[in-house]
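Look at the two complexes coming up: subunit A is in both, with subunit B in one and subunit C in the other.
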Partner chain A sequence: MQKQGYWGYIFTLPFVINVVVFLLFPIVFSTYISFTEWDLFNAPRWIGLDNWVRVLNKHEFWVSIRNVFMFALIFVPIQTIMAFVIAFMLNQAIRAKGLFRLFYFLPVVTPWIAGGVVWVWMFNYQYGVINWVLESIGLDPVKWIDSSNWLMVVSSIAIVQVWKGVGQSMIMILAGMQNVPKEVLEASQIDGANGWKQLTKVVFPMVTPMVYLVMILSTISAFQAFDVFLGLFGSITTGIPERNMVPNLLVYRDAFLLFKMGPASATAWLLFVIILGFTLFQKYFEKKWVHYD
Partner chain B sequence: MTKTTHPLLKVLMYLLLIVGAVFMVFPFIWMLSTSLKTVGAISQMPPQLIPNPVNWDNYVTIWNKVDFGRYTLNSFFIVSIEMVGSLISCAFVAFGLAMFTFRLRGLIYMIMLATLMIPSQVTMIPTYFIWKEFGALNSYYPLIVPSFLGGAFGIFLMHQFIKSLPKELYESATIDGCSPPGIFFRIYLPLCKPALAALGVFTFMGAWNNTLGPLIYLQDKELYTLPLGLLYLKSENVNQAMLMAGAVITTLPVVIVYLFAQKQFVQGIASTGMKG
Partner chain C sequence: MSKKVKVFTLILAFMMIFTACSSSGGSTDGETPPGEPGGSKDKVTLKIGLPGSYEVTSKEIIDGFIASHPHINVEIQEAPWGDFTSKIATQIAGNTMPDVWFQENATILSYGQRGVAEDLSSYIEADLKADEYIDGLFSAKTPEGKIWGVPHGINPIALAYNQDVFEKAGVPVPTDDWTYDDLIEASKKLTIKEGDKTSQFGFIGSFSITNGWFPWIKQAGGSALDDTLTKSRFDDPKTAVGLQQLYDGLDQGYFADIDFLKANGGELEVFASGKAAMYFLQYSLQVNMNESFADTNWDVVKIPKGVDGKRYVPMVANTWLVSSRAKQESKDAAWEFLKYYLGDEVQDMIVKTGSTLPVKKSALDQLKDSTTKPLNKEAFTDGINEGGVTLDENATWSEWRILVQQVVNEIMVGNVSVEDGVKDIHTKVQDVLDSSK
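The block that comes next holds the complex of A and B.
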């Protein structure tokens, strides 16, 4: 490494500017705004804890928390398990691996709004292709995302999110599996381990760090869900119905459709605290099942 | 690679993989199929998989009437600039972090990793305020300027790569009388091609698919990007066939890029575990 330290500062300057302008200042400013009444145009007015109290007392905030919580609870396990199973299968001596990988990965690169509009169409109660399949095998059509049951709506969206995200998680776990040394597997085979034993006693423990990372990232992305809800329900003009609300959409609506910067900032911070809490919670259980080295 | 013993197990695996693949790919097929249907055919039961007659008018209509041609150009314009900005700036900062010892190096590196964890919603409102104060609302500046200041993910990716290059390169170039910026632009940047390719694909995808940024900053319809144009189209209550034609136009470029640059993309994800 080179000693002319000032060059280090010169080269990192763009990022330092980035951090100061677009991170440090916003963090301080956003905290301040959360204690004020502000419409973005007139001067902010200090109102203390009012925004926080108001947000926490609002029905729609708790609706959004409930939605995003259930959403994460359904989405994260399905995505992690599916990613693991697919990665395991694609790590076998199987034909057309590249093609399968390509297919599973395609939704990852797809713009959310495009993915959203086609899923809405497939979920359509009357003309949707999913209900048509159900009816042709003799089942009743289902009101997927139009259901009056919020749990049904949230589950349907979770499925779309799995469609969109499972490829990425799968690639990460697959990369972890390919790092399992051949010698270890051969040794276990000589010792008489069958396929199932190998999977549970050798492969799984060795990829737990990747599985853990996938879980953490999926949880964070679930709590930050925005595009999927916007893609399925959103419209530029009318926003989104309250019962399908998630915290991030609440922040967007309060800030940019209603110009209530105070409540929006308080909501954003509350969401951050919740995400942080969950990440720490998962971290706490990490040593119970994740094996390093 | 583990060995599967039972042939029946193998059949089961193929079956599962195919069912999964159909689940992943079907929405694309349905998008394409619906986009080529006539108004009468979209609500026909049972639904047709292969439209008959094939109706290209949906594409022509949204291309002309809703100005998808313009949105496409806008998207390509923004994405190109963001790619140039992010490739140069991320490599530049990563070079500084990897090659020099200076007091705040550790701190800057730590902050870089920490920025990956702060949700953008927390910083969104003040950032919007900054651009408002600069008089840059309803312009592309808020979307493209930050890409010239280096992003944590890209810096991380480039940093790992630059660290793997032999240090002697720097020494010998210094002896030859090259200045650090010269060394960066002439020697290191060209050597970084594999990592730049991965970052380039990520930047393309991130910029192409970005909805929230354009949604907040762009008001004039002439400035809309494709995802925003599609969202707008959706709010306009046009028929499903036209909406799907818009979805196809929005999806196609990024899928083509992915097909060509699959290797870089997959390696980028596998090696860092982050998303773009």
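The block that comes next holds the complex of A and C.
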């Protein structure tokens, strides 16, 4: 028995090392450097809470938090509702089901670099296809991601994020729906439930754990939004306006363009605290609507 | 051996394997890898970092150095231009960087401030005759007199014009005596509107730094920073005048804007196809023009004179630096390389590639006999002599430049007024300058 125990430790060692080196160590180390001044090149110098105070006093940090908060508020509900509706449709006996699933999942595997370029074109004020459609039906063109209104920009980008993420969420909810026993649906039909009643009273309660999971994952991905912003704005060096910043862009800029590892780590930790807060908030309401039976 | 010891040994072996995998090895130990023919213990190893590889630094130059310096064992570390900054930062953090490499001049200045670059002033004083070189040799010099590197080459701008477009419109082509007002007037004449849409612009209103906002504020008598590079000059009304002129061109539609450029394939394509008659072109782009748009009938003149009658020619330098952490023997070998690089043989090679201007005067003189477009290459070389300026580069350039660009973009697309924009920029830039003291 004891011998078997040793082998267990040995076989799990590579994974333990992996977790220690690539997860625990960075977590501990980033906490440490958030209290130091470190430019990567010279030894870190302990400066106490300075970085935290400086980040919290910076206007751009609060702007970035405001943006990412609104981004999540727009993105999460749209993504969850759309994923649910699409999954419900694809769960029906429709033709070319596989083709539709592929169609909705395609953006998930499209690299941001390609997706970003296409969306930038579609959003172009003068030459974009979206404004072309608006103009052809007699409406005024809209400044989407060039707008001076940050809410417009954030909303536009949230739509792009939905395009990218809805496929994955849809697959998860679809998996949940396929586990709904046919007998239950048939029984409800015999009892006189129509399509809408079936959806809201039978299917939805049974897939709430999946919907909940999708909401939690979408919220985290919204707060961690990075590629979508970088993909649509091009690059930080070309000058993303302050009103369109999100925390991860600030972390990236401070750490890898300006070599200010201290403020970058402090920002990352503050973002972590915010994400944790939101997840706990969602967890608090979990019992009220999620059914696990 | 007890079981515990066995297990411990096994764990240790695993850890050693992992450590060995993560170590990049290699250092300036002066040893030749075993088994290499001709290797001897006296041979110095020189690690040269090449961003953009041989597309930027011609292989001929490196091969020439290896052949002429048999006592130096050269190791090349290549990375694509875009990835080089992050690679080198990681290497510096881990103390495994090359002995000599090049990057943008502004980046080099910040490396110098952080103690990574070797001060080359004493090397230059001992081995080079400063009067054989243009002032650009000292692009990496700080106000305190330290020199953090020597240029790989100089890349200035000149006013490129599409001859056919001018002829068709019956407008006289630009001359070296032009002022910015002449440029604006000609742009208005050369702009062709068809209904709501403009099919031809007078000038490309780029709002990036080198061929956009920086020359516009300099010509108006303004500047980004003061001479000491410690004070923002965005509060200077003249700086605002320059930005206003650029904005007016875009707003009133005689300068091509960013949407038009994007929709029509970019700045070079728009200029080459005659959709814009003029363009502030960087020297290195002549290579692309000749490769991709050989049929375009174009030439250059010096960029126009500023309001004070003086000319300001923004120039960008990529700069070689020597690692201050290398061993002395590697530093000496690195300086050998840089001396070779700044010598006649290599400087003549650089002229032929056309990707950058050399810094040695004798090599620059050869450009007069060049028969490739643009024929008037003196617009670049004389331009540098007359008014070559760097982009107010200092150790915090990367940081304040991003902040300026953020607001300039907003001004140029009309989201923020010039007046409000410069106030905002001034506060932010001064903040960065103050915090670096």
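The rule is short, and it goes like this: the second predicted complex is superposed on the first by the 285 of 293 C-alpha atoms of A that agree within 3 Å, B and C clash if a C-alpha of one lies under 4 Å from a C-alpha of the other, contacts with A are read in each partner's own complex, and residues count from 1 in each chain.
By definition in this document, a contact is a pair of C-beta atoms (placed from the backbone, for glycine too) under 8 Å apart; a residue touches a chain by one contact, two chains touch by 3 or more.
The model shown is predicted, which means the values in this text are computed figures rather than measured ones.
Asker: For A:P241, is the partner it touches subunit B (first), subunit C (second), both, or none of the two (neither)?
Answerer: After superposition on chain A, A:P241 lies in contact with subunit C alone.
Asker: For the overlaid complexes, name the partner, subunit B or subunit C, with more touching residues on subunit A.
Answerer: B
Asker: So, A:L49: does it touch subunit B (first), subunit C (second), both, or neither?
Answerer: neither
Asker: One more residue to check, A:F105. First (subunit B), second (subunit C), both or neither?
Answerer: A:F105: touches subunit B, not subunit C.
Asker: After superposition on the shared chain, which partner residues are touched by A:V203: those of subunit B (first), subunit C (second), both, or neither?
Answerer: A:V203 contacts subunit B only, not subunit C.
Asker: Report for A:F256: first if it touches subunit B alone, second if subunit C alone, otherwise both or neither.
Answerer: After superposition on chain A, A:F256 lies in contact with both partners, subunit B and subunit C.
Asker: Which holds for A:L217: it touches subunit B only (first), subunit C only (second), both, or neither?
Answerer: first
Asker: What is the contact status of A:Y9 with respect to subunit B (first) and subunit C (second): first, second, both, or neither?
Answerer: It touches subunit B and subunit C both.
Asker: Between subunit B (first) and subunit C (second), which, if any, makes contact with A:I275: first, second, both or neither?
Answerer: first
Asker: Classify the contacts of A:L40 with the two partner chains as first (subunit B alone), second (subunit C alone), both, or neither.
Answerer: Both subunit B and subunit C are touched by A:L40.
Asker: Touching subunit B in one complex and subunit C in the other: list those residues of subunit A.
Answerer: Overlap of subunit B and subunit C footprints on subunit A: residues 2-3, 6, 9-10, 14, 17, 21, 40, 126-127, 236-238, 256.
Asker: Of all residues in subunit A, which touch subunit C in the complex?
Answerer: Answer in residue numbers: 2-3, 6, 9-10, 13-14, 17, 21, 39-42, 124-127, 146-148, 236-242, 253, 256-259.
Asker: Where on subunit B does subunit A make contact in their complex?
Answerer: Residue list for subunit B touching subunit A: 1-6, 9-10, 13-14, 16-17, 20-21, 23-25, 27-28, 30-31, 34, 42-43, 45-47, 89, 92-93, 95-97, 99-105, 108, 111-112, 115, 117-119, 121-130, 132, 146, 148-151, 155, 167, 170, 180, 184, 205, 208-209, 211-212, 215-216, 226-227, 230-232, 234-235, 240, 243-244, 246-248, 250-251, 254-255, 257-259, 262, 265-266, 269-271, 273-275.
Asker: Mind listing the subunit A positions that touch subunit B in their complex?
Answerer: Its residues touching subunit B are 1-12, 14-19, 21-23, 25-27, 29-30, 33, 40, 82, 85-86, 89-94, 100-107, 109-115, 117-119, 121-122, 126-127, 129, 132, 136, 163, 167-168, 171-172, 174-175, 182, 185, 189, 194-195, 198-199, 203, 210, 213-214, 217, 220-221, 224, 226-227, 230-231, 234-238, 248, 251-252, 255-256, 261, 264-265, 268-269, 271-272, 275, 279.
Asker: Please give the residue numbers of subunit C that touch subunit A in the complex, ascending.
Answerer: Touching subunit A: residues 3, 7, 10-11, 14-15, 18, 86, 89-90, 92-93, 110-111, 114-116, 208, 259-260, 262-263, 398-399, 401-402, 404-410, 413, 415-416 of subunit C.
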